[in-house]
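Chains here go by letter, A, B, C and D, matching the order in which they are written, and residues are numbered from 1 within each.
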Amino acid sequence: MLYREAGQFKSTYAEDQQIFPIRQDRIAVAALLLVAFIVVPLLANQYWLSAILTPFLIFALATLGLNILTGYAGQLSLGTAAFMAVGAFMAYNFVLRMPWLGVIPSFILAGVCAAAVGIVFGLPSLRIKGFYLAVATLACQFFVLWAIQRIGWITNYSASGVITAQKIVILGYVFDTPARKYVLTLAIVAVMALLAKNLMRSETGRAFMAVRDMDVAASVIGIPMMKTKLLAFAISSFYCGVAGALFAYTYLGTVEPEAFTLDLSFRILFMVIIGGVGSILGSFLGAAFIVLLPIFLSVLFGAISHASGMEISHAVVSNLELIIFGALIVFFLIVEPHGLARLWQIAKEKLRLWPFPH
Amino acid sequence: MKHSTLALAIVASAGFSAGALAQAKEQFVPHSYYWVGPFAASGSGIAGGAIDYLNMLNERDGGVNGVKFTGEKCETEYNNARGVECYERTKKHPPTGATLVHPLSTGITYSLIEKGTADKIPIVSVGYGRTDAADGRIFPYIFPLITNYWSQNTAKIKFIGMREGGMDKLKGKKIVNLYHDSAYGKETLPVLEAQAKMYGFALTNIAVPNPGNEQQAQWLQIRQIQPDWVILRGWGVMNPTAIKAAQRAGYPRDKILGVWWSGSEEDVIPAGDAAKGYIAAAFNVSGTNYPVIQDIMKHLYAKGKGEMDDKSRIGSAYYNRGVVFSIITSEAVRKAQTRFGKGQSMTGEQVRWGLENLTIDDAYLKKLGATGFMQPLKVSCLDHEGGGAVKFQQWDGKQWKVITDWIASDQKLVRPMIEASAAQYAKEKGITPRDCSKEN
Amino acid sequence: MNVAFFFEVLIGGLLAGVMYSLVALGFVLIYKASGVFNFAQGAMVFLAALTFVSILKMGINFWLALVITLGVMVVLGIGIEKIVLRPLVNQPPITLFMATIGLTFVLEGLSQLVWGSQPHGLELGIPDVPMEWLSQKWNINVSQFELFAAGVAGAMVAGLALFFQYTRIGRALRAVADDHQAALAVGIPLKHIWAIVWAVAGFVALVAGLMWGARNGVQFALTFIALKALPVLILGGFESVPGAIIGGLIIGASEKLAEVYVGPMVGGGIESWFAYVIALMFLLVRPQGLFGEKIIDRV
Amino acid sequence: MSRAQQVGEAVLSVQGVSLAFGGVKALQEVSFDVHEHEIRAIIGPNGAGKSSMLNVLNGVYHPQKGAIRLRANGAWREFRNMDSREAASLGIARTFQNIALFKGMTVLDNVLTGRNLKMRCSFLEQAIWIGRARREELEHRRAVEEIIDFLEIQHIRKTPVGKLPYGLQKRVELARALAAEPRLLLLDEPMAGMNMEEKQDMCRFVLDVNDHYGTTIVLIEHDMGVVMDISDRVVVLDYGRKIADGTPDEVRANQAVIDAYLGVAH
């Protein structure tokens, strides 16, 4: 009975075009943001802030980026980590070489650089599709990492190619504690999620989906193939780039090119698939799932072996964790190929009818 | 999205509070190593040695002055993010939080430099990590102990000099540096360049892309250059692949000089007979015929305890390296107790003092049952390295044979580079160096 | 420029390329039959090699060990098909792809759980040292092992080609590749076919595992050779057995030549991406790969 | 026929168009013209080249010979090979024989895509979603809702098209084409595979569109009855050749046509 749009009539298209047409949703989201911005920083301990929530938000942002490309525009990419790397290292350079610029503009410019790289490596998508394109994006993955290690300027000529993120100071306010870093990350992610939502529900988003669903028809009704595909790559890479910058500045603090391996790209693709292809919410759900699952498993096993007090060597435990992680993903894909977002939808449908059967 | 997060939060916190039953007279040491993935061999071996030694102390002498070591294992997957998570999870563990941390990954070490400093938890990277952190004035909580990549490298050139019959003979010699194309691999490029100038040998750096399981091209280049020596700065599969490729290219293995991350049994066994004669550096030797290892066998494995499933790995280079890690851990705690109270649980801050004033001379090594097993150590506020020497061992097809005594590094060359690099870091981060004369 | 050296690099590259083809074949088989981009192929190679070596270490004789391992791989292949892929039939390709990545974790964990994380050496009794006369006469280094590997790869390609051409299953497979529905309509037992293909893929993985294991030792890194096979795939086409070998040769040769002659100018280590760039350039000209039968549809 | 708009002079003329795929001659020397506001039918037995003709008209195919001439505000422009996007921007919209809707999107979004050429805001403005972008989005929504009402598909506005029955999908596709406010509307077998009443509805819609918006319509249809009822003039193709052209009655009486259709049940 609680979750109902019954009795909420839309008298104007404006109302109907709100992000959350249903009142309960608006309330829920408002509450969620309130909790995320105020309650969490106050209550959560350092471990949760710096080891779980912050990375979760950053991965969610990257997932969002990849989702725009793969989920909405239908272009499969395995180069996500590379775009993140561009973001991280360029942000470092902007802060280093143009300190007057300020951190946030530096992040944005870093994102723009990532977008540029994205456009270059998006060009093949005009010719090739599917796994051929996916494997082609691997070229980006490997080339970018190689370039970062070769071009001394990018790492400010540090022998090992490792960079250390500078202090984050915005208008004289220093973001140094885990709580502050978390809040900064949250703010950026929230804003960018909103922008993404807007974009995806307006013309650009429709063009993306049109290209995804049937490119011939799309061009017949006048959607420019090239512009749309490249724009998708650009926007997606921009998001990944900013995520990369946050990865370096609010999460790890020090990054080496190896931090952005193909493994990371796959992880983020997982988040997209598990969360739900073509869903903003799904990006967050997927990120939460993939970030938390391994930690949850290891904590769980830790507790079990502690409780049982038996002497199983950790090699066994770790491998079991890995196996279960993989198995769960397979299992999940089998039971709900459309991802968590779909489950959430179904739950909502049920909730609408509840407590009456229909 | 928070629903799922919070839901898990409860379970998770329940999870580790179970492992966190606070008791007095305990010294908590996190065991964040890696048991899975491409490098599992090194991770599991080192973890085994490290954990076994502390448990042996608990069994043999009831810990350090009655303070028993407790630990919590955490899988890092050799991955920065996971490593940071492990650190955050274990750092506040009762009674006194993490004693110190062995990140066992240069990447993770980098990620922990600021966190450790802020949390007052020493980050100890033995034979890896950030070289210039050896300048304790700028990195009070970071301890790249015993020796670092730059020191090792000077020792290596010395060794080559010895083999060639004098450093002056290096002039005009051709040396190839075959390195893993990563932060780790590139760490030694500057010092090599400097030495090439110093001794006038011709240096060629050849990169091997990660993971390094394909080196045809690189060895064809080497074959073309016909170098007098090849320095193998490898990691994981790159090592056996290099040795096999060398054989295929007809390059003599006893002219290949590996670093200590290329000098374990795991690096040569996969290469089979091709590895005969291959030489590698080491800051700890292999073998079980040291009292310290014998004690572990006696007090743990004889009683059916012990971390290793595969007993044959006890005494391997990696296992023994783990033992060295834990000797440092326990001795730092012991030292700290002499100042902050015998039989007490030490905090990270106190252990930091312990590390900084740690001295392990030959007599003490003998007491530890580790004579010749590791080198004497003298750490100070100024010098967080404290040793710097390496031995060289040669693979005879069955096992590693030590072929030199400890060869000291060329601190005259290395130290200024360290200080310069550290100063650079201090400038970037706006750190004012400690005045070591004021430390006690 | 030293001609002998050029040829040495070229030959070395071609021989390396053959090693890539060995891995690529596994991908092609499964893609051809069920349209699945099986990322777990690398893990299968690792599992096969590790199992074989470990059994060997138990003191069981070579051939018996081979048979046992083959049995394991066949069972594994069929198991994967039944447990993982059948429930996912008719799902979008990317979902299947993701599933195989999940599978990769399982296989990697399983291998090291059962057999431990220790690397092993593997001796097939074929000397891997430069052949005297060749290096004497031409100053070109080629080892018997490399030639042997090339021979094996060639034999496998030929075998598989014949298999597809002349056996009932092979013909059925091609039908399946063309159109699942139609194949079903004319009464081809898809499920059996797929089971068989996975079994064969298991066998291919074993061979690749033995070759690579003997070359670099048997250890976790064997899973990475999958990445070496991918450019070969896009170049040769996901669905073409001959494409796998030709693609392998092209990739191998060009990447080695590039590393040796271009690498030093740009700081080396370009192998990691060069192969992909070649493949990419090639795709821009011919989107379906060298022998690709059709452009794979949007994912 | 009584209708609001009177059929004006020619707006489109096809001149000696020939199209071949490899050896197969799809179209040979076909010429005809289309007048403003008229409903022009192209008929012919299977494989006569009807769809090819339509595809040439909106630039999906490029003829080897001949040209398309279009009259845009008074002046004639000649096109040898325009691409389909250009065609769209010139006010040519179409539907497809086998529906080409965006299955993953709702009816509303599908129809809205029809207006993409009229959207002016940059993606940045859209992302921020205030001022211009929002207004634009709203006014286009209004325009689209009009068409949705017009075609009586309000009730399925928010339904993903994948879930709709065939007949409705056809209607949505028509709506998407109309959303572009085309001058020339190409319908490729709008009634194919429909039952009687669905067909009647569709006929009504086609006529209303032509009447209400004055859109010039070129349609391909198999159902002779329908064609003869609604179209002003008919082109008959057979084996890629034009065999007749005229009012329904003329065509009906044409011997060549009768022969062509002989044995072709309709």
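We adopt the following convention: a contact is a pair of C-beta atoms (placed from the backbone, for glycine too) under 8 Å apart; a residue touches a chain by one contact, two chains touch by 3 or more.
Since the model is a prediction, treat every value here as computed from it, not as a measurement.
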Discussion item. Contact counts by the stated rule: is the higher one at A-D or A-B?
Written reply: A-B
Response to the item:
Farthest chain from chain D by C-alpha centroid distance is chain B
Worksheet item: Whole-Å distance, chain B centre to chain D centre, using C-alpha means?
Response: 74
Worksheet item: CA centre of chain A versus CA centre of chain D: separation in Å?
Response: 42
Item to complete: Let me have the rounded angstrom distance from the C-alpha centre of chain A over to the C-alpha centre of chain B, please.
Response: 35
Worksheet entry | Separation of mean Cα positions, chain C and chain A [Å, integer] | 33
Worksheet item: Which chain B residues reach two or more other chains?
Response: 35-36, 40, 44, 181, 209-210, 309
Item to complete: Could you list the positions in chain C whose residues touch two or more of the other chains?
Response: 108-109, 112, 116-117, 267, 269-270, 272
Worksheet item: Which chain D residues sit where two or more other chains touch them?
Response: none
Worksheet item: What are all the chain pairs that meet the touch criterion?
Response: A-B, A-C, A-D, B-C
Worksheet item: Which residues of chain D touch chain A in the complex?
Response: 58, 60, 83-85, 87-89, 93-94, 96, 100-105, 109, 112-114, 116-117, 119, 121, 123, 126-129, 133-134, 137-138, 141-142, 145, 176-177, 180
Response to the item:
Residue set of chain C touching chain A in the complex reads 37, 84, 87-88, 91-95, 97-99, 101-110, 112-113, 116-117, 227, 230-231, 233-234, 238, 266-267, 269-270, 272-273, 276-277, 279-280, 283-284, 287-289, 295-299
Practice prompt. Can you check the complex and tell me which residues of chain A touch chain B?
Written response: 32, 35-36, 40, 45-48, 50-53, 55-56, 60, 146, 149, 159-162, 164, 166-167, 251-259, 263, 281, 284-285, 287-289, 292, 294-296, 298-300, 302-303, 306-307, 311, 313-319, 321-322
Worksheet entry | chain B - residues contacting chain A, complex | 1-2, 4-5, 8-9, 11-12, 14-16, 18-19, 31, 33-36, 40, 44, 47, 72-75, 79-82, 84-85, 87-89, 92, 106-107, 110-111, 113-115, 181-184, 186-187, 189-190, 209-210, 305, 307-309, 421, 425, 428-430
Worksheet item: For the complex, which residues does chain A have touching chain D?
Response: 13-14, 17, 195-196, 198-199, 202-204, 206-207, 209-210, 212-214, 216-224, 231, 235, 278
